[in-house]
Amino acid sequence: MKSKLVSLKEAVRDVIKDGDRVVIGAGLEHAIPFAVTFELIRQGKRNLDLIAPISDASADMLIGAGCASSVTGAWVGNVSGGLGHNYRRAMEQSIPHPLKVNDFSNFSLAMALMAGAYGMPFVPVRSLLGSDITQSNPDHRLLQNPLSDESDPVVLVKPLLPDVAVFSVPRSDIFGNAHHWGSLGVTQEAGLAARKVILLADEIVDTSIISSDPNRVLFPGFKVVAVVHEPAGQYPSPLTGCWRRDNAFFNDYHQHSRQRDGYLSWLDEWVLSLPDHASLRAKLGGRLSDLRIKGQAFSAPANFASA
Amino acid sequence: MKSKLVSLKEAVRDVIKDGDRVVIGAGLEHAIPFAVTFELIRQGKRNLDLIAPISDASADMLIGAGCASSVTGAWVGNVSGGLGHNYRRAMEQSIPHPLKVNDFSNFSLAMALMAGAYGMPFVPVRSLLGSDITQSNPDHRLLQNPLSDESDPVVLVKPLLPDVAVFSVPRSDIFGNAHHWGSLGVTQEAGLAARKVILLADEIVDTSIISSDPNRVLFPGFKVVAVVHEPAGQYPSPLTGCWRRDNAFFNDYHQHSRQRDGYLSWLDEWVLSLPDHASLRAKLGGRLSDLRIKGQAFSAPANFASA
Amino acid sequence: MAAAFSTQELMIIASAREIQDGEVVFVGMRLPITAFGVARLTHAPNAVGLFECGILRNEPAKDMLYTMSDPPNQQDAAWCTGTAQVMGLLQGGQVDAGFIGGAEIDRFGNINTSYIGGHRQMKTKLPGSGGAADIAAMSKRLLAIMNHEPHRLVRRVGYVTSPGGLDGGTSRRKAGLAWGGTAAVITDRAILKPHGEEGELHLFSVHPGHTADEIKAHTGWELKDHPLLAPTPEPSALEMDALHAIDKDGFWRS
Amino acid sequence: MAAAFSTQELMIIASAREIQDGEVVFVGMRLPITAFGVARLTHAPNAVGLFECGILRNEPAKDMLYTMSDPPNQQDAAWCTGTAQVMGLLQGGQVDAGFIGGAEIDRFGNINTSYIGGHRQMKTKLPGSGGAADIAAMSKRLLAIMNHEPHRLVRRVGYVTSPGGLDGGTSRRKAGLAWGGTAAVITDRAILKPHGEEGELHLFSVHPGHTADEIKAHTGWELKDHPLLAPTPEPSALEMDALHAIDKDGFWRS
């Protein structure tokens, strides 16, 4: 098998195209591959459709930088600060340009990705009943349950089929076989539904490490087209077993992004003036190493021996 | 929290009622809780609906003993031998009494349990198109996709909501928090869809072992109403990390069950004459201990430390 | 002996009282997760908490959380899984109660966290539902936490992100929601609960230091008295001890 | 130099040739899993194998398997998961080929493993679909393995467990199956492949030691010649070496 190891620059350049439907992290607030968010901004990608239930402040950053023409999600903001200022400016004032939002709830988005993952033509969701989400997103179709003789409304949600999904993982081999742990959000569904997957691996390990625990794999390695070895690629979000969250970074972003000018200077300092993620790590220095998880609370071993 | 630890006899007596819709194992050929199959026969439970994609020879044994009035599944037989002789006698000659079969395929059954697990009113399945399974099981409704303007048939499958699901697990605490590993079949869906879960645990461990690896848990402990400490409760099926399969036992069952008389004498020897599963373990003696997995191939540790 | 307490501490304790023993609760972040901890240490030792990122916890996390996905919420969790699994329990009717917040709530308990002014004539874009719509639709009881201002407690929200009683009466059931609805709205001034055939929110209890008149003046509809209207009971010493055992640094004190 | 080989060894090697490099294949048990191993060791080193119990393997298991769930198939798997996940890949069009067996197959490749005589006038109850219906409906190419007897290769099966070409022509597409269909039927006497507008199975190749006439006499419909009809190529030394490397005990030798 051929190694899929490439640089962050190559992965973003070669795999993500303008206009793609992309999942940049599927863990809500966990394991969001911000290194790809930053690199998409540096490479000036355009007209992306950002698919994610939440992905913390990643969408807000991409919207402010003009990379996105639409958001397919349940929540866009900054978990630390609440509102997403760039999202508001785009929606309310078309700054830097107009944005379309395809409204979902967290569960309906999970089910839409599940429908994509498992080849379902649609998925019936009851948890959208009563919500105006079915009004603002006409893709969601409110219908009578065809199996019921009594009044029984259901919402049919269409499958989502991302072009590319990007995930931060604690460890992967060079072929895209990877381990995930902690809360998973919609990672499995997004990985199975996507045409192509990019992994940002905190650590590159031998295949034997991954195959020692095949239950910790969420989707097959053959879905993965690029593996990037990028420690703290999820910074400033947390990654179970590896990194804590940098709450101050999110607060700082929230304050600076309140005004367009402040956002642009934040962007210059933290993204555009840095050539790559290694430069961000270097700039952070001790602030980053303080976030490294140094304790050990290991999973009890599971035996897979066959005899 | 109160301990849920009970004997096999108590769990089967108190939790599984005549007429219940029961899942006796969801791993196809893996981790089938045969100790419960045998105890259901000993207690003379009646009119069960057996829900399972496959469950190896468990359904055939229960059918021959007169415990089941229907099977909701994809395949009934004996994986080693192919055909299930009791299943054939029940279907072809109503021996010991007539049996209803609700035809599924493996995937449609998985999706029906998923619909039960996630509160879906139905689930659309394409993989039943073209099959006469939609003819012999009129619960499966062939309809036009309501979201498509072109001809696009889909099959709507109803959710399955078992009364009780029983699983063999390598380890559980006394509250029903358990680890599963290896191939999972429809275990997660069945556990989430069932009203009540019984666990047969090969080993009882402290809660801290389970919470050291919350990703190896498939459904919440609050679904579990009874935990039975029963080593080799899945014998003669295999259990990853614990027990190999006793192929000879299945072959022997296949030969004996060819004729009704042979089945009845097999039943007497291996089930009715034994008061409990400990007696079966004692009867097997070295034959069982030979199947114990003694090698070690441990999963690489995953760190869950928070700092 | 009643200890001194802040408004937020009172809201936490009032929220804790809404959790019953053995219940499965979507607790979310901020006040509710602390309320869950207080409930477990007092009257509800067997309550369990769900988080939509895919976590079930029997006990609250041991360290400070900025988000529900932070490492302390992962360590020693009872279950780490996906959003579909935990929220599927919700849609399957297996979740007793859920807490959500909001920017606007109306007299039938509908909550808007999406578009102030409605999606066609939006004045302000809010972040959106997250899991709130699902939790509002599918919990057996919905518990809302709000700041009590007239522009937040409005006669009718411009957009229903998370359904309460919709247009009141049977309209929630007619929309296909077989169970659930607003059980209580806990504000910084009062607790409101639905009452009457229409299920309109009524003033159920008045927090210490506030008056019914002041509360009504801060409510965007003509708020009526619940027949059981009473002062909100002050936190007991037991409740305050439990809260202090969790909030060691006094985050909710000020 | 062609080595001596058994009929089953020939069937395994003929099956291996149907697997292309890099493909995702539902391999199931018995002959196909061995064929997968041979293919990986010869022309398809990057093929991967799926098992409906919830296993993906890059390399075949190292020890003897009685069932696909046996411990040797779990150890060093590339992915251990559930049935919904692996078969969801199938319904999502991500599986290139699938192998199934059967009791009856008809001239359009439809397979019956449920009810001989049909479900209304059943003569014999067979075990049922398992995953076969799903694999037949949703693999990009279906590969069937059968013993070649007139009562097994019939004009029309009494019950379609696993759809091939249904009534021939466009009937499979009209049933809503957007892709797939029978690519080859590998028997102990021959290989049949669909041909012509109707997609009826034709005699594609004749195994060494057999004749077209004999094969036609053992087929329950008037079997026609495929335009590419030829002898089945004998196993090469490379293929036999690969097979022997896997089947160390000569299980398939007799």
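Order as written gives the chain letters A, B, C and D; numbering starts at 1 within each chain.
Heads up, the rule we're going with is that contacts are C-beta pairs under 8 Å (C-beta built on N, C-alpha and C of every residue); 3 or more make two chains touch, one makes a residue touch a chain.
None of these values were measured; they are calculated from a predicted model.
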**Request:** If every step must land on a chain the current one touches, say how few steps get you from subunit A to subunit C.
**Result:** 1
**Asked** Taking contacts as defined above, which has more of them, B-C or B-D?
**Response** B-D
**Message:** Based on mean C-alpha positions, I'd like to know which chain lies farthest from subunit B.
**Reply:** C
**Message:** Using mean CA coordinates as chain centres, what's the gap between subunit C and subunit D in Å?
**Reply:** 57
**Asked** Per the centroid of Cα atoms for each chain, what is the distance between subunit B and subunit C, given in Å?
**Response** 40
**Prompt:** When the centre of a chain is set as the mean of its C-alpha atoms, what distance in Å lies between subunit A and subunit B?
**Reply:** 36
**Request:** Take the average of all CA coordinates in subunit B, do the same for subunit D, and state the distance between these two points in whole angstrom.
**Result:** 28
**Request:** For subunit D, jot down the residues that touch at least 2 other chains.
**Result:** 55, 70-71, 74-77, 80-81, 84, 88, 90-91, 138
**Message:** Among all residues of subunit B, which ones touch two or more of the remaining chains?
**Reply:** 111, 118-120, 125-126, 152, 154, 181-182, 184, 188, 210, 212, 215, 240-241, 244, 293, 297, 304-307
**Prompt:** What is the shape of the graph in which nodes denote protein chains and edges denote touching chain pairs (line, ring, star, complete, other)?
**Reply:** other
**Chain pairs in mutual contact under the definition given at the outset** = A-B, A-C, A-D, B-C, B-D
**Item:** subunit D-facing residues of subunit B, complex
**Value:** 27-31, 53-54, 56, 73-77, 79-80, 82-84, 87-88, 91-92, 101, 103-108, 110-111, 114, 125-133, 135-136, 151-154, 181-189, 237-238, 240-241, 244-245, 247, 250, 293, 297
**Asked** Touching subunit B in the complex: which residues of subunit A?
**Response** 111, 118-126, 141, 143, 145-148, 152, 154, 156, 158, 170, 179-182, 184, 205, 209-210, 212-213, 215-216, 240-242, 244, 293-307
**Request:** Can you check the complex and tell me which residues of subunit A touch subunit D?
**Result:** 1, 116-120, 177, 188, 192-193, 208, 210-212, 214-215, 217, 219-222, 304-307
**Request:** Going by the contact rule at the top, pick out the subunit D residues touching subunit B in the complex.
**Result:** 51-55, 66-71, 73-77, 80-84, 87-88, 90-91, 114-115, 119, 122-134, 136-138, 159-163, 166, 172, 174-177
**Fill in**
Interface with subunit A, subunit D side, in the complex: residues 24, 45-46, 48, 55-56, 58, 61-63, 70-72, 74-81, 84-85, 88-93, 138
